[in-house]
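Here the structure is laid out as structure tokens; the discussion comes afterwards.
As written, the chains take the letters A, B, C, D, E and F, and residue 1 is the first residue of each chain.
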Amino acid sequence: MSEMIREDGRKYNELRPIKIEAGVLERADGSAYLEVGGNKILVAVYGPRESYIRRLLEPNTGVIRCRYNMAPFSVDDRKRPGPDRRSAEISKITADALRPALMLENYPRSMVDIYIEVIEAEGGTRCAGITAAAVALVDAGVPMKDIVVGCAAGKVNDEVVLDLSEVEDKEGQADVPIAIMPRTGEITLLQSDGDLTEEEFQQAIDLAMEGCMKVSELQKEALMKKYSTE
Amino acid sequence: MSEMIREDGRKYNELRPIKIEAGVLERADGSAYLEVGGNKILVAVYGPRESYIRRLLEPNTGVIRCRYNMAPFSVDDRKRPGPDRRSAEISKITADALRPALMLENYPRSMVDIYIEVIEAEGGTRCAGITAAAVALVDAGVPMKDIVVGCAAGKVNDEVVLDLSEVEDKEGQADVPIAIMPRTGEITLLQSDGDLTEEEFQQAIDLAMEGCMKVSELQKEALMKKYSTE
Amino acid sequence: MSEMIREDGRKYNELRPIKIEAGVLERADGSAYLEVGGNKILVAVYGPRESYIRRLLEPNTGVIRCRYNMAPFSVDDRKRPGPDRRSAEISKITADALRPALMLENYPRSMVDIYIEVIEAEGGTRCAGITAAAVALVDAGVPMKDIVVGCAAGKVNDEVVLDLSEVEDKEGQADVPIAIMPRTGEITLLQSDGDLTEEEFQQAIDLAMEGCMKVSELQKEALMKKYSTE
Amino acid sequence: MDIVPEITRESITNLIINDKREDGRALDEYRDISIETNVISKAEGSARVKLGGTQVIVGIKPQLGSPFPDTPDLGVLMTNCEMLPMADPTFEPGPPSDDSIELARVVDRGIRESELVELDKLCVEEGKHVWMLFIDLHIIDNCGNLFDAAELAVMAALKSTKLPTASIVDDEVVLDKENTFDLPINNEVAMCTFVKIGDKMVIDPSLDEERVASARLNVGVTREGRICAMQKGGKYPLTKDDIFTAVNTAISKTKDLIEYL
Amino acid sequence: MDIVPEITRESITNLIINDKREDGRALDEYRDISIETNVISKAEGSARVKLGGTQVIVGIKPQLGSPFPDTPDLGVLMTNCEMLPMADPTFEPGPPSDDSIELARVVDRGIRESELVELDKLCVEEGKHVWMLFIDLHIIDNCGNLFDAAELAVMAALKSTKLPTASIVDDEVVLDKENTFDLPINNEVAMCTFVKIGDKMVIDPSLDEERVASARLNVGVTREGRICAMQKGGKYPLTKDDIFTAVNTAISKTKDLIEYL
Amino acid sequence: MDIVPEITRESITNLIINDKREDGRALDEYRDISIETNVISKAEGSARVKLGGTQVIVGIKPQLGSPFPDTPDLGVLMTNCEMLPMADPTFEPGPPSDDSIELARVVDRGIRESELVELDKLCVEEGKHVWMLFIDLHIIDNCGNLFDAAELAVMAALKSTKLPTASIVDDEVVLDKENTFDLPINNEVAMCTFVKIGDKMVIDPSLDEERVASARLNVGVTREGRICAMQKGGKYPLTKDDIFTAVNTAISKTKDLIEYL
């Protein structure tokens, strides 16, 4: 790994500044707010609860539904409200990323709704959303065997680096967002866009996993802060 | 109040010419046709009847559903068919305006559908729609404790006047549509757009209520004409 | 009838080359592929099966649902995916055309789904779709009292001719697509667009029925080929 | 679902077997027809048609638009139909149903294939500006045979249509709403609709007759007695004889209908 | 359906009959209010408002567009509201509900009818290019009285809005994002919302108060104490006295609200 | 819901534990592959791919359009996928499902990130006119592993695509459909998809294997063996080893797939 300093002054394995807060909304069963770099993410969790959408429910377990949404004012050019193809994909893989940690066997025919709102976007919203959602799930008291955490690595100027900013994502050569269950290191989300050799890919995974472990500590701190002040 | 004569020759407290007819359609359980100024409004009522839209029904009472719709050819520039934000709002407040007069306690799990079609629009369609809908509800035999009636007052050239025409609405300073239950004078619809002092607002309400009482007589005449000829 | 030779060299009562194949898909309960002229049509049949769309089902008989769809790449200018008014109409009359031959009395509360995909279009897709759908229905083992078959006649250069090509359809004066049950000669689909005298219309019907009988033989050959090789 | 009681089915069918109908009409007799035009002041053309209890309103609104690339010098017709939920307890609010789309398309076909609107006279500037006519069909009361009522209403509304004069000044279209001209129309068309009940073809069906019928046939015929549009509907087949008989009747009946215009 | 337990209904109503409220407020007292502006760096204007537990975020995004034909020299305001499903267990994902549309339209009316945004200064080239301001209301926590919170947030966001300088060079619009100017605003407006419980008009209702109320009244008032928008909601009527009293109270209360801006 | 009988689950899992599969393939063996190109005369590029019983048709249609403002000299690719209801009894008519969107986006990512289409050669006039290529994926028979079949079909269709020559004459685009040119392509890509069953990573899964699998991994690899796209799917996690092993296998297997093109 190189000693190169990145556009925003970070080292190759340095995260952007992160702030996580649990329990920021009154109505939701659980909630969290996360800032990382210029990203601002708000997550609310409702459930496990009944749902009138019967075809989504299962007789032997609770299910989750995830909605990732960007505010119209979260990006430079106003985004039309409502779902698009990108948010549909992210919603799907975010549900896949969180589901392995949930223990909903005792909640048959119930649903957990996870609402991820991107209030402001600056690269890396999907990992930030997963990280915040996991905190909100704990805040909601949803039984889980681990707190899923997300982080991305990528390739910029032929170097594998951690946690791409918006500029690095646009100008960079590859982006590899992942999510893991930190207790086992199992991977629950993995995407890769861009150009990587097999070796670079392995470096990226290792670096992103390290990043995940650091973010995991911040998740726990946020939760402890919430519980200790209660 | 002034002696000013309005653009179309009316006095400040004068309604446009009104024509109301009950029972104009064969299939509907009740119907009415209303012309006021250049407005042409047709209303049909179905129910109380069963509905397959179960989530709208209530176990202890009948419910109403209201759809205000403008024909594509009802305005100078063709309107796209289908609901827009304006018609969604008017549908909602029209249902709110009519509901207080209805006695649907003996019709649990049933629905009354009120369809208001603006065939031609010339200012004041929401009040005209409510007035016609009340007549159609009587024609349908829906039990009611009063016949709701709507009328607007407004401000034009700094004067408070009754029942704005399309031109007055566009060029005027304020529009205050209301609906009342004439027996008690209770107000079931109230909106106000534009600029009014507190005193002007009070004048507008008083004037609009007078207008309502006049229109109420025409509703009753239309119903008597229908029943006497039957 | 005249001795005129048509733009593509055919005689007035000559069909375009036709190829029919039964059983071309693995998942579907029945399927067929049909080429006529430049048309390429694929049909899949599922059912009789249960359906969650309860309001479409009937207590005393099975029902059919038909979806005619054109691939975006099937025409010169790309077609937007999804249903339009033309495909909604064709879906409806295709279901009407096939229904009389089906014997679904023993399948109450069940549904037969017929999916017609126009992979490439060159004039006459609705008749081709019906012809292929009937073969797919046999392939699916849906009980039928006859194998419906479609064919069109039309008017080009003041002559009544069989099976219009795309060019003839565009430049011609009338198009009369029909479908029949060949055993009885009863007509299950009939449309007519364009300008015809009563006599020309009668000629067109007679010619189209002849065409249907020829195509009917090809349907049977395709089915025999399928069953003999199994 | 719109279920007909068995007793209605039987009584209607038995009457028709004996060449009779509930309302006393002959099998080839229309209900009362009334046509009013210019019923909507804000529409450039309009008509209200009553056919028995069936009621239809049509409004015509013109808009300047671009021609289709393959017909740069022709105006454009757009026919829309709303089967309003007020018209029938089984009609639902929402986007047009398949029935509504079929009605619009069959009515439109009658107008379009008879080439009665002179579309070339609706061109303002070739390739750039043409008149688009929006023909909006509003179904307000459904007592059967919407097709014939709708075709009459569209025909009457078109004949009543007046367009503002358009001219090109400095590359822009200028409209003169004071000087209007009649929509140029060079033909007339009417539609005659049959249903099959028992083995009879019955004209201008009532709602109950539609419900018990086995099949439907629409026949659009021009002033000169030429067939310009046909459509079979319904769950059961027709014979060739049914169709040929109906077409023959339609050619004479549409002459009467066109008299009303 | 959002059913209120009978016991909640009784306890709230009994309190209010005695001029008391669950949270100890007077009937004409607002909950705590906090307003932050410039909370979204990528938005040209933004604000977050907390009104008790209710939270609303507003972002303003400008876009160059064509003016409406009848106002060729005026900018355009577009107000949208998303009642996010995160804000309330009964809110659903999907297109805006009728409640959401009503909220957006009532809030918009307050802004529009008070004419506080100087739309003529948003014209870049008459008839061709004007600024369109998208006002996006994001409801993130619903603890009652969304109307007043939303109006405050929109007002605060508009006051914080800075637009890039636009000029016409060679017939094209050139933006200078370095040189921004404050959105020109020449008035202020606030909304004061009442619900009727028993025979009392109660200000700034909590969620439970909204649920047991018989009717709602929104009153929008400008800095000068003039009424610019009103809307009655709810299943039951109001008397003239209810309304006149509420309007009178609103005129004084909105002065306090405008202080927060 | 697509429920797998427990007995199917057990039998497939037991086979795979023993490195065997229902149809006799090795764990890293593909089913039979056939690729036909130019199957749609009216499309500028097309291909039909069969992968075992799975069948996919792709058609490519070009359209002239405006470039994106931030890439004024580049053409545009648009990938759409319709999982036709004919392909699988659980597919529904209607707008694309989330599965369909994911498939389109993952396949698209393989094409886009490998930068194989030379988008700069699709520019007709910078900032004004570029070619937009609509890549329409038609899924007609789903017997498992749609991803790899779809990527092969898109790749084959792109390689078969011929565009008309476009030139600018008097400020307008003129097309010469007689003189076509091959879509400029400077790389190749294939996708290799795995599912995890038990603790094994299995290549080119059948439908039943997909249903019993705990997770899915798509790996897109270029001709030079570089990774251009990956996506994990499914309800259960993968280990780092699962992924590294799969990537290594994918790099060699995609070489074979690219041979078919």
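Note that in this section contacts are C-beta pairs under 8 Å (C-beta built on N, C-alpha and C of every residue); 3 or more make two chains touch, one makes a residue touch a chain.
Source: prediction; values computed, not measured.
**Q** Under the document's definition of touching, what chains do chain A and chain E have as common neighbours?
**A** none
**Q** When the contact pairs of A-E are compared by residue number, which of C-D, B-D or A-F has over half in common?
**A** Over half of the A-E contact pairs recur in B-D.
**Q** Measuring between Cα centroids, which chain is at the maximum distance from chain B?
**A** Between chain B and the rest, the longest centre separation is with F.
**Q** Starting from the mean Cα coordinates of chain D and chain F, work out the distance between those two points in Å.
**A** About 48 Å separates the centre of chain D from that of chain F.
**Q** Any idea how many Å lie between the Cα centroids of chain A and chain C?
**A** Here chain A and chain C have centroids separated by 51 Å.
**Q** Provide the C-alpha centroid distance between chain B and chain F, rounded to the nearest whole angstrom.
**A** Computed from C-alpha means, the inter-chain centre distance equals 57 Å.
**Q** Roughly how many whole angstrom separate the Cα centroids of chain C and chain F?
**A** 32
**Q** Give the residues of chain B touching no fewer than two other chains, as numbers and ranges.
**A** 55
**Q** Chain adjacency by touch: line, ring, star, complete or other shape?
**A** Graph shape, chains as nodes and touching pairs as edges: a ring.
**Q** State the ordered list of ring chains, commencing at chain A and continuing via chain F.
**A** The chains follow each other as A, F, C, D, B, E, starting at chain A and passing chain F next.
**Q** Help me check something: in the complex, which residues belonging to chain C touch chain D?
**A** These residues of chain C touch chain D: 55, 58, 85-86, 88-89, 91-93, 96, 99-100, 174, 176, 180-181, 184-198, 201-202, 205, 209.
**Q** Tell me, which parts of chain E touch chain A in their complex?
**A** Against chain A, chain E makes touches at 40-43, 46, 53, 55, 57, 59-61, 63, 80, 82, 84-89, 93, 95, 134, 136, 138, 140-143.
**Q** For a test of understanding, state which residues of chain E touch chain B in their complex under the given definition.
**A** By the definition above, chain E touches chain B via 1, 96, 98-99, 101-102, 104-105, 109, 113-115, 217, 222, 225-240, 243-244, 247-248, 251.
**Q** Give the list of chain C residues in touch with chain F in this complex.
**A** Listed in rising order, the residues are 25-28, 31, 38, 40, 42-44, 46, 49, 67, 69, 71-78, 81-82, 113, 115, 117, 119-122.
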